[in-house]
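Sharing a structure below in structure tokens format, with a few things to ask.
Going by the order they are written in, the chains are A, B, C, D and E; count residues from 1 in each one.
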Amino acid sequence: MDNLLAIAVGSIFVHNFVLFRFLGLCPFFGVSKKTSSALGMGVAVVFVMTCASAITWPVYTYLLLPYEIEFMRTVTFILVIAAFVQLVEMVIRKHQPSLYKSLGIYLPLITTNCAVLGVTLVNLEQRYSLIGSVVDGFSAGIGFTLALLLMSGIRERLELAHVPHSFKGLPIAFISAALLALAFMAFTGIRL
Amino acid sequence: MPELIVSPSPHIRSDISIERIMYSVIIALIPTTACGVYFFGVPVLTTIMVCILSAVMTEYVALRLMGQQFVMDGSAVITGLLLALCLPPRLPWWMAALGAVFAIAFAKCAFGGLGQNIFNPALIGRTFLIASWPVAMTTWIRPLSYDAVTTATPLGLWKMQQIGTPYINLALGNVGGCIGETSAIAILIGGLFLIAKRYIDWRTPLAYIGTVGLLMLLLGEDPIFHILAGGLLLGAFFMATDYVTTPVTREGRIIFSIGAGIIVVVIRLIGGYPEGVAFSILLMNAFTPLIDRHVQPRVYGIKRKKIFTPTADKE
Amino acid sequence: MKLDELTKGVFKYNPVFYLVLGLCPLLAVSTRVDNALGMSLGVLFVLVGSNVIISVIKQWIPPEVRIPCFIVVIASFVTIVDLFMHGYAPELHARLGIYVPLIVVNCIIFARAEAFASKNPVSHSLLDGIGMGIGFMFAIVGIASVREVLSTGKMTIFGYTLIPQFTQSPAMVMLLPPGAFLTIASIMALINYKKTMKKEKE
Amino acid sequence: MSELKRILSISIPLILICIISGATLALSFDLTKERIREVEERKITESLASIFPDASFRKTGEYYTVLVNGEEIGYAFLAEGQGYSGTIKTMVGLYQNGTLSHIYVVSQLETPGLGTRIIEPEFTNQFSGKRIEDLRLRREGGLIDSITGATISSRAITEIVRTRAEVIRNET
Amino acid sequence: MIEAVTILGILGVLFGMGLAYASKRFEVPLDPRVGRILDALPGSNCGTCGFASCDEFATALVKDPSLVTNCKACVEESWLKICDTLGLGVEKRKQELALVACSCDSVAKFDYDGVKSCAVAALSGGGFTTCKYACLGFGDCVKACPFGAIEKRGYQFFVDFDKCIGCGACVDACPRGLIKIVDKNATVFVRCNSRDTGKTVAKICESGCIACKLCEKACEQHAIRIENNLAIIDYDRCTNCGKCIEACKFGTILSILPPRKAVAEAAQEA
């Protein structure tokens, strides 16, 4: 049985998807200008990652493995994720317009977020069980949100700083990410 | 040229200036530095000078490049000195210099210089060096041994071989470790000086050290050992109290210190490194903007707004 | 005119430095130059293939299933790359790990499919794909060379030593995530600096 | 009826693309299948040969029984687990008396220059002749010296080998 | 082979049908005009129309077509398309432009040592410029412009005519009210905002308006009049004849210049 706590801590802190595995960088830099939108994106990512982990596990175990077509995992996973995200978007749009307004706009961005496909592939590589995969998906999302929130806090403060001209915009964001990654090295080698 | 200088309010009349605080901090660091030189020999003076010089030079060059005027406000000196104090005694001088250059260039000037940086530059310098040259950064020498016999730090001994160290050695500084972190008494003298002068808030070190002590006690470890060993005291008095990179409000600073304390305990007990003070402060630096946002003083007569409402841009 | 479609991806609208796309593989596999070369060849192949196919089939795709259709096409090309790389370059395949299947979600590919291939004729899409692929290659190989030289003190590509060992204690941090972010930050700051210099001259 | 027609007109392109893609992939899988199997097998045989030269192997369940001149002398098996930044896969040779013959790292994704040094003989040779119980880092009471600066990777591979070896020992 | 095709095929059927069904089942009734308008809008979400995004603006437009003039960012072609979609008669749209009405190198009466922002500087001791109408030069307008159309050259600010849409975001940002919105076709403009008497202006500024009334006399359309010691152009009457420019012969004293020319010249000098 997987050690669920170890999986969770591992995905949130030690192998943080953004700062360690370099996944989901586009939204990390794109949606981190304001804390409110960072939080919205984070919630959407947590939701999609958890669901994607929960769906792709049975697809792999009961569809691909028995017929020995594991090589199709990329195609099927991404198809499942894309269709799922689109379905969720439609449903929310119809039934929860206010939720759609706050979260829905981030959903299309998530289809091509490599962190989502990444987490499903990591689940496979680590051979997690269904519950392990769901926990991993959820905590990877939380880790992503944490990094995104920290980044947005830093960037909001940078708005007021006299950043040298050449560093304005993305370069200083990258430097902040570098220093954040340095700080996150604190969690290297945590064992539970 | 007009003689009159006008600036917008508030106009504060006080003889406390940035320079004054900075030089007080340097004075407060003198006992620690002296202990470092006494225990680890004269060569550490080279490390200290190299760090300070490269920090100041980098700041000078960076400010010139940015078209700003260079002011000798002592902040770069402090960054250099603090960085040197948390380096191993026999680190090659060029590594120390690179650490100082990196600290000033990327952690301070790239963000716009004094008062604008998010992370503590000295600690960024140290972490950068740990990430770059892990072996050199974990080679310690035995105190008072001028032939530089290598040894381990008290925390290293505790973590790897479950060997304790007598309190008296920890208090005096007669143990292996970074130049300025070994002598608890020297750090306390400097720290209390700053508190007496009211340049730093006593709550920060108290909350920080208290959290570590309490948690260690609850988890069945020796709290006094963990308070005295490693860089906790140096970090608590001189780095967690940095004006720029820590929260503005009193509550914010207490949250900051408790968070840092928890991280130290986590790293020391289950982490991959024996010591976690530098990392803990850096991580809480990253949280500082968020803490500041949450713990804003309430404006009289205005209802506290919900800060986190996930909304589309410009709702 | 047509040549424009090719060269714009390399310089003017470089997918990495101008459009800021495809950062994840860019930073993740740029620890060594040969990894970077292998990765960018894979990306180039997928980009060209999917651009062409999508611009051929675009008129038959109803809007409701546009994203799933595009992504299946892209994923198929990626799987082909994955399989052939596994068979014919097993070492490279092992080193790139999960970043090979993750080419699917390389934002460059999907962005070009959406923004360009689904609106332009086949020939243009082909050139656009090649241009963007080469632009990506430039960026990733550039970053990888900086990181490899600084972090190992030498540079070797597929066994050939280009730069011999010049220091015994290179900066290990360049291999780690912070080093990757620092490299791209410095490069982008340099580009910004050049741009402002140019503007001031005008 | 028009509803059905609408649904069909939307879904048929996707279905067609899926079918074509499935066929193409199956085809390319067939094309590369042999090659990939050879590659994987070569990896296994190479690693087996490096651990037990001049021996023959018989696959028994999850491990290989090692035969020299028809006589069983030990077992070889694959151990894998999470390293610092990816899965570490190691071939382990175990003598029947419970000591290790040798280990050979089949694949790993550790940090180049640091963690990757676990593949160097200086590190792997330490495992030869050790009892399973001693496969811990020295600081944790074992007999394995970790690589300076790469404690995490050293510990990971030691743990991976030990846990798997314990399982295999109990099975045989 | 068969398995691969079947399974991917089944997934295709599943999701194809599912999405097709869902797109009908969860269809949100949307005015088709909104989509068309949204296509035509610039999509820059600049917010100068008074709505948070182009999306919201499009929804509001369908309900109230009279808001159509709010969007200043869209090009002529899209403007026509929007009017067409809304069923409005196509009328020529008035295009506007922001211009900075100060051209002097103001002298400082004291050293200002505070936040580098015009708004703050204007409040500190009444502003540090000798001329109390002069530009403070910290560029609050540059920061306010959502299109990056204002640029600082030397001490003065210039508006990029291609980028400026006359949205007026900068007008509110200038604490001295130096920015005026004028018709895009206008060629004359008073680059001074001083209401001081001619004597005072002449003393402190080389290019300010001293209210000599020469331009007023020269204008055949009676489009210029002096109010509060400042020349003011009535653009409804102005025919862009340029007589006033010639009339303002004191060269630098009163500068009524065609803005395009002025900027071109200034750019050359810089």
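In this text, a contact is a pair of C-beta atoms (placed from the backbone, for glycine too) under 8 Å apart; a residue touches a chain by one contact, two chains touch by 3 or more.
As the structure is a prediction and not an experimental result, all values here were calculated from the model.
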For subunit A and subunit D, chains touching each: B, C, E
Of all other chains, the one whose Cα centre sits farthest from subunit D: E
Middle chain, criterion being Cα centroid separation: A
Of all other chains, the one whose Cα centre sits farthest from subunit A: E
Pair joined by the larger number of C-beta contacts - B-C, B-E: B-E
Distance from subunit D to subunit C - Cα centre to Cα centre, in angstrom: 30
Centroid distance [mean C-alpha coordinates] between subunit B and subunit A, Å: 32
Distance between the centres, which are taken as Cα means, of subunit C and subunit A, whole angstrom: 21
Inter-centroid spacing, subunit E versus subunit C (mean Cα positions, whole Å): 40
Subunit B, residues touching no fewer than two other chains: 106, 128, 131, 134, 272, 312-313
Multi-chain contact residues (two or more partners), subunit E: 3-4, 7-8, 11-12, 15-16, 19-20, 23
Shared-contact residues (touching 2 or more other chains) in subunit C: 64-65, 68, 72, 75-76, 79, 83, 172-173, 176, 178-179, 182
Chain contact topology (line, ring, star, complete or other): complete
Residue ranges of subunit D touching subunit E (in the complex, touch as defined): 3, 6-8, 10-19, 21-23, 25-27, 29-30
Residues of subunit D that touch subunit A when the two form their complex: 18, 21-22, 25-26, 29, 82, 84-87, 151-152, 155
Subunit B-facing residues of subunit E, complex: 45, 47, 52-53, 108-115, 120-121, 123-125, 128
Contact set on subunit E toward subunit A in their complex: 3-4, 7-8, 11-12, 15, 18-19, 22-23, 25-28
Subunit B to subunit E touching residues, read off their complex: 1-8, 312-315
